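For reference, the structure I am asking about is given below.
A, B, C and D are the chain letters, set down in written order, and residue numbers restart from 1 in every chain.
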Amino acid sequence: MTDQTNRRLRLGMVGGGNGAFIGYVHRLASRLDGDFELVAGALSSTPENARQSGRDLGLSEDRIYESFAEMAVKEAARPDGIDAVAIVTPNHVHYPAAKAFLEAGIHVICDKPLTATLEDARALAAVKPKNGARFLLTHNYTGYPLMRQAREMIASGRLGKIRVVQAEYAQDWLTEEVHNKQADWRTDPKRSGAGGAIGDIGTHAYNLLRFVTGLKTEAVSADLTSFVPGRLLDDNVHILLRFEGGAKGMLWASQVAVGNENGLRLRIYGDKGGLEWAQENPNEMWFTEFGKPRQRLTRGGSISGDVAPTMQVRIPGGHPEGYLEAFATLYHQFAEVIRGRGAAYEAVLPTLADGVEGIEFIMAAVHSSRSDGRWTRLDQQ
Amino acid sequence: MTDQTNRRLRLGMVGGGNGAFIGYVHRLASRLDGDFELVAGALSSTPENARQSGRDLGLSEDRIYESFAEMAVKEAARPDGIDAVAIVTPNHVHYPAAKAFLEAGIHVICDKPLTATLEDARALAAVKPKNGARFLLTHNYTGYPLMRQAREMIASGRLGKIRVVQAEYAQDWLTEEVHNKQADWRTDPKRSGAGGAIGDIGTHAYNLLRFVTGLKTEAVSADLTSFVPGRLLDDNVHILLRFEGGAKGMLWASQVAVGNENGLRLRIYGDKGGLEWAQENPNEMWFTEFGKPRQRLTRGGSISGDVAPTMQVRIPGGHPEGYLEAFATLYHQFAEVIRGRGAAYEAVLPTLADGVEGIEFIMAAVHSSRSDGRWTRLDQQ
Amino acid sequence: MTDQTNRRLRLGMVGGGNGAFIGYVHRLASRLDGDFELVAGALSSTPENARQSGRDLGLSEDRIYESFAEMAVKEAARPDGIDAVAIVTPNHVHYPAAKAFLEAGIHVICDKPLTATLEDARALAAVKPKNGARFLLTHNYTGYPLMRQAREMIASGRLGKIRVVQAEYAQDWLTEEVHNKQADWRTDPKRSGAGGAIGDIGTHAYNLLRFVTGLKTEAVSADLTSFVPGRLLDDNVHILLRFEGGAKGMLWASQVAVGNENGLRLRIYGDKGGLEWAQENPNEMWFTEFGKPRQRLTRGGSISGDVAPTMQVRIPGGHPEGYLEAFATLYHQFAEVIRGRGAAYEAVLPTLADGVEGIEFIMAAVHSSRSDGRWTRLDQQ
Amino acid sequence: MTDQTNRRLRLGMVGGGNGAFIGYVHRLASRLDGDFELVAGALSSTPENARQSGRDLGLSEDRIYESFAEMAVKEAARPDGIDAVAIVTPNHVHYPAAKAFLEAGIHVICDKPLTATLEDARALAAVKPKNGARFLLTHNYTGYPLMRQAREMIASGRLGKIRVVQAEYAQDWLTEEVHNKQADWRTDPKRSGAGGAIGDIGTHAYNLLRFVTGLKTEAVSADLTSFVPGRLLDDNVHILLRFEGGAKGMLWASQVAVGNENGLRLRIYGDKGGLEWAQENPNEMWFTEFGKPRQRLTRGGSISGDVAPTMQVRIPGGHPEGYLEAFATLYHQFAEVIRGRGAAYEAVLPTLADGVEGIEFIMAAVHSSRSDGRWTRLDQQ
């Protein structure tokens, strides 16, 4: 149980105005465990929408801002200024906004991918935060309890030496040409960066497999495709991976796989055991010790062996928790970090370095694909 | 999206102190959509626990009460008194607490089953609420989006005339003798009433099948069993049902079904179609039109036909919502009713009358079981 | 592997002519393991159809018979006469046919239910077979490898003392009024007996739960319904069961459950463990030891503990075996019994006594239903 | 129903002696529909085993051969000689054996992959069969009813233009070093050829995706790995595919994926629809028309649209058919071809050309992997 109270942290938001999707998700996630209260916002790049959205969310007039820059300055100056800001804009705004708040000494919660370009990513990594301001990248799928458990099991050797990693993320919402607020910026290189599906969902799959396995990537070989005529960015991603130590992987991300809603799936095989998990039914995970029956491990229910200490379970097994709860776990545990008692969570919350690696992954895949699948290192982007 | 703001409603809580389960769930649910703020509580029947729990939840000292009676009186007298109270105590306290708040003009959100006895239930139904105070019974499973959709589909004739209803609710946590805060009162007739598993989970299954099908119950034939030696109340429930108009049903509830966590499942068959749904993976429902392939309907995804207008979907298909979201939907829609703009929800939110019927169902089953399965009417209890 | 050869046994068939379903299944099952060769038949009660069907199956003209009586006499007299006969007619012919062959010293393989009436069943049980002729009742679902495994696990105490048994068998092919060769006799009391769905599929579910659990039935309370207007026999069956020693059960059989093809399912819970199995995907079974993760046991794959010695597995795990293989297992193991080396199988092959109990079950349910659900013993029919 | 008779065809077998797996499977498959009778065999390369195996199978002494060459000659000379021979040896024997029988005018049923080397494959393709002897390659998974249906649906445009194909075949039986009759030759380049997992199971997945989609392969990029120390051939296969017309694919085959028994799975996405199927539960297939609910199509049950005319269904939906039935379908339909009435099946039965392409696929993958994943054409091997 996570609502034993504390002062609620004051939260601001950049982006996420009326009509936005992920901003709403951040607000839900910030509220669930009672750690944050939204008190300020620069909710849209359009002044009228920024103001109207702020009013609709019940913000005080003096804390509705028309630019994040103004908000960073003014909130930093208030005695009751925001503790943290959630940045939920299209990708190309992440860098300047995050920079502004970190340099103002305000903790930053930033949506993924980190930035639209590798230059921005590296520049952001070089920013000196004021007063030890912290950074959280919302690779929310790492908040799923069973992903924490999987990481723990692999780290403690339950699967033996990892050999094969199969990651996939299949959707179908871009099967046809589509125009709306969500689709438009995601298919626009200026706002998304060089990656389409690979940036929007491929980075999630990549981050999750790295998070869970702890394997270090050596190189990727990619074949990116835009199936829908006129689309400028990839909508299907086929990638082979090689990891240090010899493990191999495959990553498939698609937004044209008809019949798939949000099919993020991870399968990992070592020389002693295997794990399989699918996000659409996240409360169960399949674990097999070689030669023994497959076991169904459940969030909040029976686990074979030690339970991961960072796993956040709110309600008993069989009472499904979902996407919002996993997202909220990142918010709650980051709040604990801010409060100075989140040491246990530092190792599991996605960092700026994870974000930089995500952009390197995107760029390596884009470059590999452009050079007919040449094996490409992430650190040579 | 449900966080376009309004004044937050002020919420009090009776029960739900440290160590309690369902009170914590109510708090999570009340927070998710931003409709309520917990400001007062009589959180335990033990004064010290009441006070400590209130402090842990960050309540003001003057709004931590040692009895619900005091709280009802004092909050009703405050200009900033609570708008609503959540009653999350063991069953036998529901009646006096609900009565006190309704008569103080404070809206009541009450956990199920309604009361420990049929006398209490009927007395509660006879209470005259002051100032039109409203009552919500948290049969939370009715908040699941696909249960709203199922109700809509049946009401609009998609299944034809209903013939067969198979409801079940299987758990295993009482397989052995167990003593803890949760188990103790649920297996104690003084606090639970005459029903064990039938009251704790059987009423959920019963309420849900009634909610979804709209069928009126004619009579039940029951065989209740206590398998664990020394247990005073039933831990396994076998019931046959007859409905007006000729439909038949079966209801199985068990707390000794090893391997089941929270296996609430509903299957409904009419002369034109069938529906099947299981709570542990609540984001999908199976619909078959006779002679055609089975279809997978998903929350937030593809639905065959009209979407139920009362279905609350926060995030897109494939991003699983779970138990807490369904629970929160009851809180949100009740908030809308309180605000005077929830007319559309009145038909779907569980009422005091539903609660009385739930107790009649328990008593009819208990009496049928005691008379060797005699078919027993609910309205002759 | 089961084709290490032996002389093939010579098989005759009564019923199963052109247009029949189950006769064809018996022929497939008899061929799979190479134990039988079909050489004679009285394949239809209509002489022309009998003759044409025999020719279509490649029988010698002199072994195509127009009546089972003639066939029993003549085959018994031939030096190369049939070793065994498969009786695959509507129910009311089972008794006279089985009697004729047993008394002629020919082994009988008989479809279920045993007979159309309890009188016939008991009369058949009183027949004195000549030369030790044996009898096999094709309750084919008992041939599934994992049902053999379940029986073994329960017998060896892996589930502890059994408490609850949930059996169901849901189909939808009689949802509407239908007329064809299959449907006509199954809905005709003269040919089927007093039970409709209960005889056709309910007996399968009942036999299987008895086979697997070994529990002895004490009494049943039934509610049988004919939903389709004009139908003379039940098409939906709701039964409560009480077993000696205190276990309880539910059995649901329906032929109007839209969306279900052949949904035979068995769930069994003891005080130490639980087992769940569904016929439509028969190669897996779910086993839970209380407090541990659910395990997926697979036919031919990993089993937790000892493997049942009577389990017949032809191909490795992951290569699915199905209905025909389970059926064929009964044929193969009966062939081994005939050859005098099937001692291990005697305990698992369905017997005449099982058939009599099946008819008692039908009659007890019919009588209970007619007396408003009165608990009714099987042995007082 | 497929047992309306005809003269049984006389079958010989090369390989498949005591201890062999796939020979036993061929015998089961050849018997099921009553089309073949095994009458001759050169069952082992070891004379004693050949003779003992022949006796165990009940063959006449004069039709038990110690070499396939002798068998081809002598059977061709007999008036009651075999109509067809099943070649079920390790891969390197396929070519000489198939050549001998084709040139003797005896129909050949040959296990896959076609040969151990591309030279052999092409030489076999150049053989002139005597008297029009036919050739069947037992890519048995193409016999599954729903794979026939998938092929039909794609050919008739139900999925639109195909974009993405995800094929996989995961097993775990070679997770550790293992020595037995099955494992030894499969991991020995002399008997298997240059491919390990890619030849044993990768070719199945490749053949199946080609069969179902009809897409022509342009090139492959492969990363083959031997994870188990000392193993000479690949045990994990990662392949990217490009098809003519722009479709893309991934193929994963592994024999070290702990927890997987025989996980052959195919997913296909076009611009109008998607199909998903998994071999371990082969009686269902998932079909989605873009924007509509996912449908569950079942073998023998409800299909959305036309049913494939070559789909062989023996028993009704819900009565599972499995691996042996699919295998038997190839035998039955090949028997019909031999009898001169199988025109409808010619297009669906796997041919020698399919076999040659399979070896080209293996070699292209091996060469691509050796050249660091260079995109490699099949027709330039």
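Convention: a residue touches a chain if its C-beta (ideal position, glycine included) is under 8 Å from a C-beta of that chain, and two chains touch if they have at least 3 such contacts.
Values in this document were obtained by computation on a predicted structure and should not be read as measured data.
Asker: Of the pairs A-B and B-D, which shows more C-beta pairs in contact?
Answerer: A-B
Asker: If every chain is reduced to the average of its C-alpha atoms, which one ends up farthest from subunit B?
Answerer: D
Asker: Could you put a whole-Å number on the gap between the CA centroids of subunit B and subunit D?
Answerer: Centres of subunit B and subunit D (C-alpha means) sit 55 Å apart.
Asker: Centre to centre, by mean C-alpha position, how many angstrom separate subunit A and subunit D?
Answerer: 43
Asker: Could you grab the centroid distance between subunit A and subunit B? Build each centroid from C-alpha atoms only and quote it in angstrom.
Answerer: Averaging C-alpha atoms per chain gives centres 34 Å apart.
Asker: Among the residues of subunit C, which ones contact at least 2 other chains?
Answerer: 260, 287, 294, 298, 301
Asker: Taking the complex as given, what residues does subunit B use to touch subunit D?
Answerer: 287, 291-298, 301-304
Asker: For subunit C, which residues are in contact with subunit D within the complex?
Answerer: Residues 1, 3-6, 21, 24-25, 27-28, 31-34, 56-58, 171, 260-263, 279-283, 298, 300-301, 314-325 of subunit C touch subunit D in their complex.
Asker: Would you tell me which residues of subunit D are touching subunit A in their complex?
Answerer: Residues of subunit D touching subunit A: 159, 163-164, 166, 168, 172, 175-176, 221, 223, 225, 227, 236, 238, 240, 242, 246, 248-250, 252, 254, 256-260, 267, 269-274, 276, 286-290, 294, 372-375.
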